[in-house]
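The structures considered in this document are given below.
Each of the next two complexes has chain A plus one other chain: chain B in the first, chain C in the second.
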Partner chain A sequence: MLTEIRKHCADLLTRKQVAAVYGLRERDGHTAPYLFTRAEDLDGLTVGTKVPVTFTLRPAKKNIISAFQEKCPGQKIAVLVRGCDERGLYEVAKRGQIQVADLAIIGYACDADQARACHCPRPHPQNLKFGEKVQGPSNEAFIAKIVNMSVAEREAFWRAQFSKCIKCYGCRNSCPVCICKECWMENDAFSPTGWLPPDFPMFHFVHFYHLSDSCIECGACVDACPMDIPLNLIRKVLSKKVQEELFYTAGQDPEEKPPLASREEAKERLEKGI
Partner chain B sequence: MSSTPDNFEPRIVAFLCNWCSYTGADLAGISRMNYPANVRAIRLMCSGSVKPFFIMSALHKGADGVLIGGCHIGDCHYQTGNHLTKKRIPITRELLGALGIDPRRVRLEWISAAEGQEFAEVIHEFVKELKALGPNPLAGGDHAH
Partner chain C sequence: MNYENVLTTCPYCGAGCNFYLQIMDGELVGVLPCKDHPVSQGKLCIKGWTANEFVTSPERLTKPLIKRDGKFVEASWDEALDAVAAKFKATRENHGPDALAVLASAKITNEENYALMKFTRAVLGTNNIDHCARL
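== the complex of A and B ==
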C-alpha cells in the first residue's frame, strides 16, 4: 500500500496538480506530520501509525491545515488521511476553519489491528483510495463496562479515575476538533487554578459536554493522557446519545451543521414526529 | 443542612425563563397556590441561555435538583431559543448519568405564563422525587471554595 501511495503522491507533485502533499514522515525513528513539497522527499512518507495528521495548533487554536490555507490561499494541498483524520477535517470545516474544496483528500484504510487498538468503529475515510475497508470493533461492547454499572458505582469509578488527573490539559491540547478561542476548561469558576486534582466532575464535564457533538472518536485524548484515564468511555456513550437523540454523527458531511449549535430540528425527528 | 432521611429538605435551583416559566411561577404565587418552599428561582431571559455548565455548577455547589423551565416549543419569545434547550438537556442528562450523577436530579419542563397550577404541581412532584433520591452526593465539592 505504501509504495502505491508514494507513487501516487509523487505523480501529483511532479505533474503540479497539487502544491504540496501533507502526510506523515518518518525520520530517525520518529514519525511526525510533514508538508512534502518535493517528490524526492516522499521516500520518508509513512502511513499506518497512530500519529494524528490533523491537529490543532496552540495557542492559536487553529487547525494545521487552516494555517496552511491562510498562508497560501487558493493553493491545492493533498492530505493523506485515515478515517479519523478525515472526520476531524470535516468537523473543523463545519466551524469555518478550513476550505475542504481546496483540499485533495486521499484516504487510506486502517487494518483490523489498528482499528482494535484505537477502538475505532469506522476505521476508513469516505474518500477511500488505498487499502481495504475493515469492520471496526463495536462501541456497544466497549461501553458496556460503564453502561452496566449502577449510578453509584459509576460515581465511584470516575472519582477514582479523575483523582489521577494532573490537569495537564493533554486531552484538550491533543484534540483535533477542540478549537474554541476562549476555553471553559481554563475558567476559574469551574476548576480553580492550582487545585489538584480538579474538582469532580467540573473540569472534565466541560470538556466532555463541549465536544459531545463534535467528537470523532479518534482516541487522541486517551493516547495523550499520562494518567491513562479512559476518557473515550464517556465520549462513546455521548456519541451514541447524540446519534439516537439528534440523529447526528460527527465527521460525516462538511456541509452539515453541528446540532447543539443550530436551532433546526433533525429531519429524521420531524419525520418521526418526536 | 441536615441530611437525615426523615427531615431532608432538598434544595432546588430553578432556571426560569422570563417570559413563560417565571411568570408562571409568579401566577402560582399571586393565585395563592401552595407549593414547597424548596425552590430557589433564577430568572433568565430564555431557557436557551442555560448553559449545561450552569446545571453542573449548581449540582456541584450543593443543589439537590435543577429545574429548567422554558416556554412551550413554538412559543419562545426569541423564536427558537428553547429548541436549543430541548437538544441540550437530554445530552447533559446522559453525560451526568455516565459520570455517576443521577440524571433525575435535572428536570426540563415547559411551563407557560398561564400555567401556575402546572408549576406548583411540577415542584410538588420534583420535591417528592428528590426526597426519595436523598441528598446530592456531590454537595460541598472536593475543595471548599
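== the complex of A and C ==
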C-alpha cells in the first residue's frame, strides 16, 4: 500500500495538482507529521502508525491545516488521512476553521488490529483510496463495565480515576476538535490554578460536555494521558447517547451542523428522528 | 511553505521526555508529543506541553545583568563571568572554600551535572554540592 501511496502523491506533486502533500514522515525511527513539497522527499512518507495528522496548534489555538490554509490561501493541499483524521477535519470544518474544498483528501484504511487497539468505530475514511475497509469493533463490551454500574459506583469509579489527574491538559491539547479560543478548562471557577488534583467533577466534565457533539472517538486524549485515565470510555458512552437521542454522529459530513450549536438544530433533529 | 517537526529532549527536568518542536516557515509554532519515544510514549506534563512558549517570551533574559548600586545593569558575558570569578575567589580567600556551595540543576544533562560536580570539588575545593530541589 505504501508504494502506491508514495507514487500517487509524487504524481500529484510533479503534475502540480497540489502545492503540497501533508502526511507522516519517518525519520531516525520516529514518525511525525510533515508537509511534503518535493516529490523526491516522499521516500520518507509513511502510513499505518497511530500518529494523528489533525491537531490544534497551541498557543495559536487553530487546527494545523487551518494554519496551512491561512499561509497559502486557495492553494490545493493533499492530506493523507485515516478515518479518525478525516472525521477530525470535518468537525473543524463545521466550525469554520478549514475549507474542505481546498483539500485533496486521500484516505487509507486501518487494519482490523489497529481498529481493535483504538476501539475505533469507523477505521476508514469516506475518501477511501488505499487499503481494504474493515468493520470497526463493537464497543458494547468495552463500555458495559461503566453502563452496568449504579450511579454511586460510577461516581466512585470516576472520582478515583480523576484523582490521578496531574492537570497536564494533554487530553485537551491532543484533541483534534478542541479549538476554542477561550478554554473553560483554564477557567479558575472550575479549577483554581495551582490546585491538584483538579476539582471533581467540573474540570473534566466541562470538557466532556463541550465535546459531546464533536468527539470523533479518535482516542488521542487517552493516548496522551500520562496517568492512564480511561477517557475514551466516558467519551464512547457520551457519543452513544448523542447518537441515540440526537440521531447524530460526529465527523461524517462537513456540511452538517452540530446539534448542540443551536437549539433549533437540536429541535429539528429530534423532530426528524421522531 | 514549510512545515516540519524536530525531535528534541524536554529542557525542564531530568526524566528525558522527548517531543517534537513544530516549525512552520522557520517559526516555532508548538509542541507535539512523540508517540514512539521509549521514555515519554506520547505523554507529557504541562511543562512539556508548553515548552515552546518560553523560547520567544519577551520576559526571557537575553543578556547578563550585574547588580550595580542596587540596580540590575546589562553587561557583556565577559564582564559577568569575571564578576562571578572575582566573587568566588574573594570568598574562598577570605572565608575558605567551604564558604561556597553549588546547587546543580535538573534542567541540564547528566554530563553537565558531572562537570559541575568536578568544578565544585576540584576547582572551588569544597564538597558543598547539592541538587537544586534541596533549595
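Some observations on this one:
In this text, the second predicted complex is superposed on the first by the 264 of 274 C-alpha atoms of A that agree within 3 Å, B and C clash if a C-alpha of one lies under 4 Å from a C-alpha of the other, contacts with A are read in each partner's own complex, and residues count from 1 in each chain.
By definition in this document, contacts are C-beta pairs under 8 Å (C-beta built on N, C-alpha and C of every residue); 3 or more make two chains touch, one makes a residue touch a chain.
Since we're looking at a predicted model, the values are computed, not measured.
Superposition of the two complexes onto chain A shows chain B and chain C fitting side by side, with no clash. Judged by the touch definition given at the top, the superposed model places A:Y169 against chain C, while chain B stays out of reach. Once the two structures are overlaid on chain A, chain A sits at the apex of an angle of 100° toward chain B and chain C, using CA centres and rounding to a multiple of 10. In the superposed model, A:A160 lies in contact with neither chain B nor chain C.
In the superposition on chain A, A:H30 makes contact with chain C only, while chain B stays out of contact range.
Applying the stated contact rule after C-alpha superposition, one finds that A:V51 touches chain C and leaves chain B untouched.
Applying the stated contact rule after C-alpha superposition, one finds that A:F200 touches chain B and leaves chain C untouched.
Look at A:L270: by the touch rule set out above, it reaches neither chain B nor chain C.
Of the two partner chains placed around the shared chain by superposition, neither chain B nor chain C is touched by A:A144. In the superposition on chain A, A:A67 makes contact with chain C only, while chain B stays out of contact range.
Distance between chain B and chain C in the overlay is 22 Å (nearest C-alpha pair, rounded to whole angstrom).
Overlap of the chain B and chain C interfaces on chain A: none, as no residue is touched by both. By the touch criterion given at the top, residues 1-5, 7, 20, 22, 24-25, 29-37, 42-46, 48-50, 53 of chain C touch chain A in their complex.
On the side of chain A, the complex with chain C involves touching residues 19-20, 22, 25, 27-35, 37, 49-51, 55, 57-60, 64, 67-68, 71-72, 166-170, 173-174, 223-226. Those residues of chain A whose C-beta lies close enough to touch chain B in the complex are 146, 149, 151-159, 184, 189-190, 192, 195, 197, 199-202, 204-206, 208-209, 212-213, 233-234, 237-238, 241-242, 245-246, 259-260, 263-265. If you check the complex, the residues on chain B that touch chain A are 52-53, 56-57, 60, 80, 83-84, 87-88, 90-92, 94-95, 97-102, 137-138, 141-143, 145.
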